[in-house]
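Each chain gets a letter, A, B, C and D, in the order it is written, and its residues are counted from 1.
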Amino acid sequence: MADRVVLAYSGDLGTSVGVGWLRDTTGKDVVALAVDVGQGGEDLDAVRARALECGAVESVVVDARDEFADEYVVPALKANALSLRRSSLVAALSRPLVAKHLALTATQLGADTVAHGCSGTGDDPVRFEAAVAAIAPDLRCIAPVRDLALTPDSTVAYAAEHRLPVPGGERAYSVDQNLWGRAVETGFLEDPWSAPDEDLYACTQDPATAREPDEVTVTFERGVPVAIDGQRFSVLRVVQELNAVAGKHGVGRLDVVEDRLVGIKTRQIAEAPGATALIAAHEDLERLTLERDVIRYKRGVESEWADLVSDGLWFGSLKRSLDAFVDHTQQHVSGDVRLRLHGGLVTVTGRRSEQSLYDFDLASDGDDAFDHSLSKGFSELWSLPSRIAARRDRAN
Amino acid sequence: MADRVVLAYSGDLGTSVGVGWLRDTTGKDVVALAVDVGQGGEDLDAVRARALECGAVESVVVDARDEFADEYVVPALKANALSLRRSSLVAALSRPLVAKHLALTATQLGADTVAHGCSGTGDDPVRFEAAVAAIAPDLRCIAPVRDLALTPDSTVAYAAEHRLPVPGGERAYSVDQNLWGRAVETGFLEDPWSAPDEDLYACTQDPATAREPDEVTVTFERGVPVAIDGQRFSVLRVVQELNAVAGKHGVGRLDVVEDRLVGIKTRQIAEAPGATALIAAHEDLERLTLERDVIRYKRGVESEWADLVSDGLWFGSLKRSLDAFVDHTQQHVSGDVRLRLHGGLVTVTGRRSEQSLYDFDLASDGDDAFDHSLSKGFSELWSLPSRIAARRDRAN
Amino acid sequence: MADRVVLAYSGDLGTSVGVGWLRDTTGKDVVALAVDVGQGGEDLDAVRARALECGAVESVVVDARDEFADEYVVPALKANALSLRRSSLVAALSRPLVAKHLALTATQLGADTVAHGCSGTGDDPVRFEAAVAAIAPDLRCIAPVRDLALTPDSTVAYAAEHRLPVPGGERAYSVDQNLWGRAVETGFLEDPWSAPDEDLYACTQDPATAREPDEVTVTFERGVPVAIDGQRFSVLRVVQELNAVAGKHGVGRLDVVEDRLVGIKTRQIAEAPGATALIAAHEDLERLTLERDVIRYKRGVESEWADLVSDGLWFGSLKRSLDAFVDHTQQHVSGDVRLRLHGGLVTVTGRRSEQSLYDFDLASDGDDAFDHSLSKGFSELWSLPSRIAARRDRAN
Amino acid sequence: MADRVVLAYSGDLGTSVGVGWLRDTTGKDVVALAVDVGQGGEDLDAVRARALECGAVESVVVDARDEFADEYVVPALKANALSLRRSSLVAALSRPLVAKHLALTATQLGADTVAHGCSGTGDDPVRFEAAVAAIAPDLRCIAPVRDLALTPDSTVAYAAEHRLPVPGGERAYSVDQNLWGRAVETGFLEDPWSAPDEDLYACTQDPATAREPDEVTVTFERGVPVAIDGQRFSVLRVVQELNAVAGKHGVGRLDVVEDRLVGIKTRQIAEAPGATALIAAHEDLERLTLERDVIRYKRGVESEWADLVSDGLWFGSLKRSLDAFVDHTQQHVSGDVRLRLHGGLVTVTGRRSEQSLYDFDLASDGDDAFDHSLSKGFSELWSLPSRIAARRDRAN
């Protein structure tokens, strides 16, 4: 059984060619593993069948959509992880889950090797390999497209020569999609001065089209979205529902130049309608229920969390310790947020919570609940270091 | 001349009553100082005249709009200081400039006391007093509304009794406005579940109204916006132009619960159309021209910068040392950004720069400029700590 | 019973006078509460008796030494909280525990008011009051020395007039002591150019005296010190033992200018022999058992943790969420550290752990375990952003 | 002239063998470059002669000691860069300077390739190559020991076969030394439980030997050490003098487990007597002359600065922007610090400055300069968020 290699199989040209290539190069039987993280597109039964036609001895499809929603999307939401306009977090979020299923399958089958179809210019191979190293440190990890120097042309030639049932026309650009969003790069997009065409988008409609606004209320319990307009749903369903309604209004499009871990800049188009709406709602509810210094410090933690996940360190110790911090902050993040969706924009128009720290009486200008005279002492001592320094500066 | 007090005079009921109150309480002559930071509204000649009618011995109006644009807006833009959805930075940005002119005028007139009209529930008195302490540490600072316990009712009564020519109907809510934006609080807004009414807004039109999108190209030199659509303008004019066009599309509305320095939460409505458009453009250009680790670290600096300014420490040593960091990062932030304005949304649709770090050849997937095999060594060493830890964990 | 006030009673002149003053001013019965946090000095039975003689209706002594060790010292040690040369953390560590017992006792007795003996120039009143506010938000908190304007002279006069059995000669300097250390300020120390005299120290002997070095091995389990030289002890006992042996060698003296929260600088002499030895050992063991990025990030968390505790926010949400992070990092911090104590210096001379991440084979230069060729790919990609930027800079 | 390669030549076995190996492998003439950064040891004339005997066509020695002191040691001191017990900063500090001279010499000679003698297990090749990439992005960089797979045995065999005049007995451990310190690794040290032997140390004497203490006063101007005991010196001379006196007392020994950038832990012994004394003095003077929030924030900057330099990014944009921050903070760091050196310990016993922010009157307990009543307002508002949260928690 150690003569098996488990390949993360997407059904595309690269991994389809990879089946035979891996078998020929390693002399091992190839097991194809497709993981459903909500990528949509082709039917996964067809994908499973193609792997067998391409020479896999076994072909497995795992429905990991709820696992993805509960264990990957929820931590990302608690950490407000798209708020920094980072399309990289779309792809980065599904890689560790796929790597985990690769490692699990390899362990079950006694395989000592796993493989993925990423090339060497992106960050995804690093994310795959770092995740595998962190959960199955002795598994070998092969990247045929990178290590065996596959180019687009040689891949097509190989497929033709071996009469592989691969998908016909390759797209002009590279796409990565899952429940949390969809990212596109390559092609004419590579000139960052070119505006993206409308047909690059698949999850969001043109925000410029005239429509009536929609309003949606999302309920959170301890940072987890649990209901829409009062109806309780699984997290998976919440995201799907919001993808639909926010996507209809063109919410959540990103067009950014980003830095890859491997040292180069890339231009990315992404769309993440449900994610954008959920993070806007979650962040807003935090402002109502968390203390000021928690909000301030958590911003830095969120930034580090997003960097770590983007850099492939999902299973690393630091990321897990940051999760402990974030989870601790979420105990009061419960309540309702009302969102307005229109014209590409998501707007919070109201928030309420039994855990609210907003005190109507203290905030009210006309009220006597707040003792104005305390402000004087505070202001004096708050200014004291500046005053002392100013006296020193004047004397010198 | 030490028998004078210089009052920051806005022309509103509180500061109008303050003129007489200060004179009666301190026995000093009151000099009224109005500073034009682009607050719009009432004509400043009328404001100047009213101060005299209310009993000021002298009434001065300073046009500080260019100073505000060049020395306050520009550093805020370099620090992307509205990007964290902070309406507090609207008011916080003009306070140190007004405090500076208070101190200058006091020094010129030999006055030993200055005054402002803020109450004790907000952060503005702290910002005024910290700024005064940092630039004129021996000036005394009085806040009649706070220290003399003026309430809205007693203020109106005082005005009536003394037949002061104060503005008639007070608004139901409190407004602060300058070139960089406009912030509103109080009234029915105080329930954070209530959606804001359309008539709260003055600088932005309803984003839901159907309009044709506008496109604008902003040019930056070393982080400073210097031209729109190729036409060179002062920074003041750039912000004014963008306020107009972005405001027309309803861009830059904020509705947030924020934390005051004095320990309470408040609900704020703000609109900052030009600021929102400029920061979106500036941040995007930084992504093209700054190295990854600079972008990552600068995020933390920006967060600290915004906290310090919001907390009234504009003239503090730390804020000034952070400015030195930020300025150093801006030497390459030059180039053009094309913005699309529509439906309340500002979208960057293109960016270009002679200082670009984006390398078309390296980023291109099909190209050979990037040696894929290097990725393997990088990935292995990047994963090594996770692998060692995973082996340790498995052994224990 | 609401006619009672619970006073944190130390037995010194200020709190002794405070008993009567509180009774006379508030008209309530005064309950004196002395908390043993290892401050040493006077016998606590004598302290208890004195409170009664001064007019307290009840006088309680709580032995909280184990609680202090387990719930206050241990988190401080996990956060390496003295490593930044901060004497302020000595006093700051015991305040929340005393405040907690004040609040507990007040609740048990139905009292609605507590009191402490701190003056207004230091940070201790803020620490007391912030802690009380966080655990018993409706308790009123009185500070006779600060709020009733007691001065040293008026205090002595009051004691004489009322024939209070107060301690005779007040010391020339102010001392705060607990299990974790001892801090001294005031007097001739106030000139930061003056060197401290040897007789200021009580827990450490002169490090310049010739002695034979001592060697001690401390065992940690998940960040908690559990044994010395193989013999298991409570944390309280571990600290006591290390205070003795490290104190003998003059280890852990501090002489620093520190910043108070209330805006001024102060000069402090402190001694914390056991704390210094334990933190040196703990930090060293972390370097053996934690991953690099955890160590790097935890440095920032430690700094924030120490700031929060020094600023009186022990029971605040942020401090507790940081504890969740720190605790998560400690799961592997188990093992032995050998310390050498001599001449005022604590030196780690060895460390070992079954949780070690140190890999002898990889670290060894002559060995083949580490594939040198990987370093080339890593180095190339690590340098790539600098290289791209350098080309850009040269072109401009 | 493009047929030349410039080798960073130390005179040791590896680089001596490298001369011939580079010539044979690349077919280019080899120019040897030795840079004097205060490494001591062998006479540099002998080193220069050996390179020629080993086959170099040219052999250059550059005295860069003052440049190293002024442009590398001073920024490290301003950033307090050894304060985190990091021996890695010893070696990391000289690499960019050597790389700079390599690149300069290559440019002068028209060479297109440089080379260094580092193996692949350490961080030094990354530091060399990142520095070269940042200042001469098109220079090729070769590492014979790493890329050509030299092992200790094959190196010795090569030297014998070619009758090279290499140094006889190789040491059992690897040493790196410069003006700022000396670092040792390898050999029996590789067991982190073994205590280091006394004969590993070369710059510090046994701290356990009985001696009379020494006292030294260091004067700083804007963060730069300019005098000892009132006598003005160059920075180079200041460090040399302090190396002598602090070394005599065994000050500045480090024994730490550190993390390499390439992913593994290593055990290091280091000694940096002058650096340790200077940083203790500098950090102490900052506490007297900098505002609290500057000190707090600068700790994080220092940590990042040290990480960047340790990671080879001396010439990177972020490091240079951090220098701008640090330089701005140093404008008031002027004054005298008195140090006591004894028993391995450096103690600050006094500090004074015309830029001091310490205010004797405010700090004094008995004085009336500080208005105690202000403390009450400060304390109340400081505690307000905790109080509001506690009420919320109690209600839920």
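Following the convention adopted for this analysis, contacts are C-beta pairs under 8 Å (C-beta built on N, C-alpha and C of every residue); 3 or more make two chains touch, one makes a residue touch a chain.
From a predicted model like this one, the values you see are computed outputs, not experimental measurements.
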item: Neighbouring chains shared between chain B and chain C, ordered by label; value: A, D
item: Copy pair chain A, chain B: interface residue numbering same or different (half cut); value: same
item: Rounded Å distance, chain A centre to chain D centre (Cα mean); value: 40
item: Whole-Å separation of chain centres (CA-atom averages), chain A against chain B; value: 32
item: Touching two or more other chains - residue numbers and ranges from chain B; value: 259, 262-264, 291-293, 300, 313, 316-317, 356-357, 359, 362, 371, 373-376, 378, 380-386, 388-389
item: Chain A partner contacts - residues on chain C that touch it in the complex; value: 259, 262-264, 290-291, 293-294, 297, 300, 304, 308, 313, 316-318, 320-322, 324-325, 327-329, 381-385, 388
item: Residues of chain C that touch chain D when the two form their complex; value: 84-85, 119-121, 125-126, 129-130, 132-138, 143, 146-147, 149, 151-152, 174, 185-186, 190-196, 207-208, 210, 213, 253, 255-259, 261-267, 283-284, 287-288, 291-292, 295-296, 299-300, 303, 307, 311-313, 315-317, 338, 340, 342-345, 347-352, 356-360, 362-366, 370-376, 378-380, 382-391, 394
item: Residue ranges of chain D touching chain A (in the complex, touch as defined); value: 291-293, 332, 354-357, 359, 362, 371, 373-378, 380-382, 385-386, 388-389, 392, 395-396
